[in-house]
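One structure, as structure tokens, below. Some questions next.
Labels A, B, C and D are assigned to the chains in the order they are written; within every chain, residues are numbered from 1.
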Amino acid sequence: MFRLSPTPLNPADLAQALTDERAGACVTFEGWVRSRNDGQSVFALDYEAYPLLAEKEGARIVAEAREKFSVLAAHCVHRTGHLAIGELAVWLGVTAEHRGDAFEACRYLIDEAKARVPIWKKEHYAGGASVWINCATRGDHVHLPGQPA
Amino acid sequence: MFRLSPTPLNPADLAQALTDERAGACVTFEGWVRSRNDGQSVFALDYEAYPLLAEKEGARIVAEAREKFSVLAAHCVHRTGHLAIGELAVWLGVTAEHRGDAFEACRYLIDEAKARVPIWKKEHYAGGASVWINCATRGDHVHLPGQPA
Amino acid sequence: MKNLTIRYFAILREQRGLTEETLTTTAATPTALYDELQARHHFTLPADRVRAAVNDEFVAATASLRDGDRVVFIPPVAGG
Amino acid sequence: MKNLTIRYFAILREQRGLTEETLTTTAATPTALYDELQARHHFTLPADRVRAAVNDEFVAATASLRDGDRVVFIPPVAGG
């Protein structure tokens, strides 16, 4: 299961759907909004998604993880919209009979999701500047007030 | 942090201690009591610990993980006592700036804890038999009622 | 000539100043269409950093565009 | 001769039928002590599957036991 959520994620609620008597292992990954990234002081950020294709590609990644690893459930929910420091940007939960599969499937899911799902992140910095992550091109810079451009 | 708990573990409560503005990744591992193990139908189990040495060895493993990986927090809590199917046997939570460290440290912690911490598990089967896991010796068997011994 | 619908997301949406437009073009492929749009709207991302989707599926940069296609150019993603 | 305290856990506790005892022995090492206890109490675990702790620290099977030591034999662990 892969879905987007415009509202805050609650890990305890999300984990309830993973309950399974056959499961011996549950691995979760949470991506949190950090106060610093690449040396810059982050104030907040926005996630924007291409919903239809994000959900299709997310579902494909979940299906791949299920083929590659012996898992019972694999859920991924990604936030969209405006997030403050410390907020949960993405939540993944994987259950399996054995822990090796749960760890490897969870890692696979987040690595592939970050690389392939059409979701974009705009970071807002303390000084007022903002940048679309991974979209810088030669000559771009973050112009911080008080510094020469 | 490593500790034993004779009372049920609540992941949401445990996770609160991990909050950290610098953290970009949080990986948790939960070990659940499975309804089947090695083809046997499990009814319940008991965990018994050697408390003083379990906490010392657990603390050493946490310190090793902190040396090997760049993590912000690494917490592990292991249940003792009688557990029913689906109950949480062990909870680990690791935060880091980056997800690679969080995944690898979490995996290291559970692998080493399982191999080294003096905690023992007795499984109770549906038929009434029970066995100390990993302690079978040649000639041992689980005697299920209705089967020849 | 074909009529296409273009949807914009993220940095391209901001640089274009709108989320969707329809246009009539001779561009035969996503790459040709991006080159046309980039020249007109001064998109900063070079073509080789943008993927294409047509009718809500990823396609090759050299895929054939058809009349009525809905096209999205996908900047480098950054989920997680 | 030395006086030792032995604590038992898990399968050894069940097979011994108690959690702690003190005894006087000539055993010089954990291995020698385990052999003595195994013969007396019919522990099923062979010596090579049991680790030793003295005064709440792991020790080698060949460590020297001293008067007053608190000894624990550790069956194969199974946490997690």
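Throughout what follows, contacts are C-beta pairs under 8 Å (C-beta built on N, C-alpha and C of every residue); 3 or more make two chains touch, one makes a residue touch a chain.
Since the structure is predicted, the reported quantities are computational estimates derived from the model, not experimental observations.
Undergrad: With chain centres set to the mean of the C-alpha atoms, which chain is at the far end from chain A?
TA: Max centre-to-centre separation from chain A belongs to D.
Undergrad: Suppose each chain is reduced to the average of its Cα coordinates; what separation in Å results between chain B and chain D?
TA: The separation of the two C-alpha centroids amounts to 25 Å.
Undergrad: Roughly how far is chain A from chain B, going centre to centre by Cα mean, in whole Å?
TA: The separation of the two C-alpha centroids amounts to 27 Å.
Undergrad: Between chain B and chain C, what's the gap in Å when you average each chain's C-alpha atoms?
TA: Distance between chain centres: 50 Å.
Undergrad: Suppose each chain is reduced to the average of its Cα coordinates; what separation in Å results between chain C and chain D?
TA: 73
Undergrad: Quick check on chain B: which residues sit in contact with 2+ other chains?
TA: Residues 31, 99, 110.
Undergrad: Could you pull out the residues of chain D that touch at least 2 other chains?
TA: Within chain D, the residues that touch at least two other chains are 80.
Undergrad: Got a list of which chains touch which?
TA: Listed in label order, the chain pairs in contact are A-B, A-C, B-D.
Undergrad: Once bound in the complex, which stretches of chain B touch chain A?
TA: It is residues 11-12, 15, 19, 21-37, 85-86, 95, 97, 99, 102-103, 106-107, 110 of chain B that touch chain A.
Undergrad: In the complex of these two chains, what residues of chain D are touching chain B?
TA: 7, 9-11, 13-14, 44-46, 49, 53, 56-58, 72, 74-80
Undergrad: How about chain A: which of its residues touch chain C in the complex?
TA: Going through chain A, the ones touching chain C are 31, 47-50, 52-54, 56-57, 78, 89-90, 110, 113-122, 132-135, 137, 140.
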